[in-house]
Amino acid sequence: MRFFSDNAARIHPKVLDAIVAADTLDTAYDGDRWSQGLDARLSALFDTAVEVLWVPTGTAANCLALASLCPPYGGVVCHRDAHIQNDEGGAPEFYTHGAKLMLADGEGAKLTPATIAHLLDAIPAHVHSVQPHAISITNATEYGRVYAPEEVAAIGELARNRNLALHMDGARFANAVAGTGAHPADLTWRAGVDALSFGFVKNGGMSAEALVFFTPGHADAARRRRKRAGLLFSKGRYLAAQILAMVEDDLWIANGAAANAHAARLAAAAGDRLVHPVEANEVFLRMTPDEAAALRAQGFDFYDWAAGEIRLVTAWDSDEGDVARLAAAIGAL
Amino acid sequence: MRFFSDNAARIHPKVLDAIVAADTLDTAYDGDRWSQGLDARLSALFDTAVEVLWVPTGTAANCLALASLCPPYGGVVCHRDAHIQNDEGGAPEFYTHGAKLMLADGEGAKLTPATIAHLLDAIPAHVHSVQPHAISITNATEYGRVYAPEEVAAIGELARNRNLALHMDGARFANAVAGTGAHPADLTWRAGVDALSFGFVKNGGMSAEALVFFTPGHADAARRRRKRAGLLFSKGRYLAAQILAMVEDDLWIANGAAANAHAARLAAAAGDRLVHPVEANEVFLRMTPDEAAALRAQGFDFYDWAAGEIRLVTAWDSDEGDVARLAAAIGAL
Amino acid sequence: MRFFSDNAARIHPKVLDAIVAADTLDTAYDGDRWSQGLDARLSALFDTAVEVLWVPTGTAANCLALASLCPPYGGVVCHRDAHIQNDEGGAPEFYTHGAKLMLADGEGAKLTPATIAHLLDAIPAHVHSVQPHAISITNATEYGRVYAPEEVAAIGELARNRNLALHMDGARFANAVAGTGAHPADLTWRAGVDALSFGFVKNGGMSAEALVFFTPGHADAARRRRKRAGLLFSKGRYLAAQILAMVEDDLWIANGAAANAHAARLAAAAGDRLVHPVEANEVFLRMTPDEAAALRAQGFDFYDWAAGEIRLVTAWDSDEGDVARLAAAIGAL
Amino acid sequence: MRFFSDNAARIHPKVLDAIVAADTLDTAYDGDRWSQGLDARLSALFDTAVEVLWVPTGTAANCLALASLCPPYGGVVCHRDAHIQNDEGGAPEFYTHGAKLMLADGEGAKLTPATIAHLLDAIPAHVHSVQPHAISITNATEYGRVYAPEEVAAIGELARNRNLALHMDGARFANAVAGTGAHPADLTWRAGVDALSFGFVKNGGMSAEALVFFTPGHADAARRRRKRAGLLFSKGRYLAAQILAMVEDDLWIANGAAANAHAARLAAAAGDRLVHPVEANEVFLRMTPDEAAALRAQGFDFYDWAAGEIRLVTAWDSDEGDVARLAAAIGAL
């Protein structure tokens, strides 16, 4: 019973169907009919004209975005627990040619205008100090917390005032949208976001994420960077088809909501073990090594997060019975 | 009727079956049972211990190989018509952090010890000149020519004598193996090849190539570079499963042979229009614009290669009837 | 008697005096009074508002310029015999993060609109091909040829029409100005040049070149790149003082003219041995190995350029007697 | 009266004499007699065979060292107040192609085995986390603290045990040697240091630092990286001559001792204002803005370090009278 992560979950049947349906000869790269339809489809979803690139991984989406928004000699403000800082093997530095991640604080891995400003104000403007060019926030965060539209907007305003671009790592954007009930537009461009890594892989996709540019002027160069990074699949139709299937009838939101609901069930059983409020599909619990071992002995798989803490992650396809059993097991500890 | 390229062909049914079969929860990244089986399976195929990384594109495979074999301040000798020089959008320079491609000549996009030595001998050893660290050859070449084992071995010997590593871009390795009838080992490590980009996408795969290291000591760093390039899929099992399906019962060779046979049929019809001997699945023909237009008017799609030349590429799934019709149409010009 | 190169010549006494005069405490980096005066002084020289960065080497000047004018995924058109291609150890690729040098032809290492257009017209616009973003020409060229203002202007017009930036490697700009008698403005910004590597080291300086931006918008980022490359001397005043001394009373032109005059003397003695017209301070001669050995036996030091060719370079401080002796020796062969 | 930094001090007369003495024609780059003598001279100084490259700035020395010791996908452990992290404009990331600086703690900007191990132990070995490849320490530190030989040796042992290389930023190595009285060998290679940035610019030089490799195998590649970074002066003799002059009769140690003595005088006057023990040539004092303004009104120039703190730096050529006046002024506050 795997609560280790949502990153290896199965493909949603509708997505798999879409892949199979795309198994017909068409133009290579992103010239096919699926890829060519992405801009329009996601423009409708976001209620504004966007430019979209499919990429195969969240790391690729994040790092192409950062390379688009920050020059090699610049810096990107992010939370010190951000995925781009800790879990991408130095990919941001590779894609940006050595831009510096500038680490700010914030509860639940959420940045705030105050914590960002605190960091920014300490950076001298001279050439000896790397200058920030962008901010990157994660929604939902690495601790399963979500930004409300007004929280994003406050950061967006700061970004605009400081002449910084704003990127959102939305590997779990679906969980954030489902968790807040907010319109995707309100969580992004209306709040000042320039580029979104719109994640599907953790949410029922196989191998496709969407890099969405709300601000014009970036997509052409990003397409060249995508090719230059070896990310331009010759059979791009199989990626585009996944994205189109995920957004059809809001499947992505339904899947995010399902994962969130599983997490809520676990949270309800966890009582005061909860380390963070559960707002998406991740549950962090205080737990002794003995307790963790006891759960594992019952067949539950999860991540030891920090000393005395475990992380449980639910997915779109978590088994209801498994979730119920885990909730019961936690309650019985 | 598409003879434009083999790069957008359909997925072989057995590969698609393997993808579907892999749609079950397993460990993320390359910890799953499919990925974990790759080294053993390809070691058996190559009759020696190899280390294998799945990657999604040929460009990624080539460039991770080059980054493994050449430092940023070094150079890579390749043919001036090589894919890495002309068709990868600067990816080799991105992955290697600016290593220089050093362009040598050779008939049919084939390098020879003589053309390589001619280039090498003109490079002063001092720090003002970039020093070569590797040679990259393509088999089958960009003109559909193949290297025989002894031709690779001659280059391998030169490489060893000059202290250079040897990479083979095998985006169409299957066609080369099918075309020569040689054992894969004789075309690679026995001939001095250190790393092979073993292509499947053009040959019935969906999105998986294998980067094969014959020389130990490179794979660990290459795995870090793969992650750093955003190429480490969390659901790597879908890539590994493709590769395993392709090598099962030598499907890859059968597919390569099928494509080659289609090309041979076209070649037979082409008579003295042939620009290059047809040894794999590419056919280059002398053709006037009017003749090309006449073919297109009959529904044939292909690439205008150079002034007065067209390129036809067949695939594993080219339609017999289409091939016959094209052969007839060429004969009738 | 050294005719090997002008790159190791002595410091002009006025430059050395200026260094000694700057040996007084002042603000660090480029905050000192000498550095602060550069923009105004060179704006006067060029008869337009320019922004100037001192750097210690011609390679640094060239590569900071290229990094300013071309993104990592772009290309720079240059002559295949250009210094940036052959003699800078891959520095352009380092500074630009892997931009591609695109090699064009032209007699005497001079590009022409026709040779540039020939190269440009063969580059497809798609993402598989690196796109050119800049042109770099060398004046005087690697073969001691000079561009007249109208020749630069023709290339400048092409650059503007193709939306390319134009860089001039002026390691021997003094020799070009002295050789053509043209106004520095006519050889640069009036002809469409965006950035000039204005060389002094070969012409009486110790360790200072000026990177001159004629087009606004580049200097700020270039200053950050300069720091990031470890090129921002804390005692920048010693570099700025050199440049100011060199431009004082047109010392730089006088020095260039002196070197050119020495070369002219050698050229006059060379008769039909001349490989290239002598327009600056370099003389290429056809010469058998035996003849070269005979000259060397008389104490003359020079470079074997290619089979059957030698290169003689004169400097601002070449000894009149040495030049006369070499001229005589050549005549006597 | 400048106590702002030692980075813009005058050239020591013996160094200037050496520059003038080198103003004679010799081989270019590092082929001249001065450059060729560096290895032997510094091998004698360090009592072991070393390989030496001159470079013009401390940033260049540090970053060439780091690029030699750490691959692009690796990390370098340093103090969070280290110069390479805060004051080099991202140069380490540029030279290493994006390696990550990993920030550890320690009093007075000094790392300890414990603080390093604390950081290292938190880094998972998997590919998602950048792996450390080197440690960089600064001696004397950014707070004017020095490492004793046994402190360096303890870090050196940790480095060896963890398979990490060890770099020392010795921009103020002279002050550390003068302050500890230790033999240069005991502070470096005997304590496990692989590469030293041996600073002279802050200590009486004009524009020359020495990058010293104690561990064989790095210098050849570093020379290519030096060229590739535009740092290979054609008139390298003027840099080598500076270094030779500085080490002649231990001038560097005498200059370091002079600066330290000035600082000791200020420290003695500072009483309990001292933020850090004064062990080299930097003095950090608690001071209110009003007090700082009062000192400035008397003509003293210095750096506002942090809220309520100022930094005073003495140099080899600080004026005795100025120092006495400043000491008196501090005492009188």
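Here the chain labels run A, B, C and D in written order, and each chain numbers its own residues starting at 1.
As a working rule, a contact is a pair of C-beta atoms (placed from the backbone, for glycine too) under 8 Å apart; a residue touches a chain by one contact, two chains touch by 3 or more.
Worth saying up front: this structure is predicted, and the values here are computed from it rather than measured.
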Max Cα-centre separation from chain C goes to chain A
Check: interface with higher C-beta contact count, A-C vs C-D, is C-D
Distance in whole angstrom between the CA centres of chain A and chain C is 49
Here the gap between chain B and chain C, centre to centre from mean Cα coordinates and rounded to Å, is 42
Chain-centre distance (mean CA atoms) for chain C and chain D, in whole Å, is 34
Listed in rising order, chain A residues that touch 2 or more other chains are 72-73, 88-90, 94, 97, 127-128, 224, 227-228, 232
Given the complex, residues on chain A that touch chain B span 2, 4-5, 7-11, 16, 19-20, 23-28, 32, 55-57, 59-64, 88-91, 94-95, 201-202, 206-207, 224, 227-235, 237-238
Contacts from chain A onto chain D in the complex sit at residues 72-73, 75, 86-90, 93-94, 96-100, 127-130
Within the complex, chain B is touched by chain D residues 29, 71-73, 97, 127-128, 131, 221, 223-228, 232
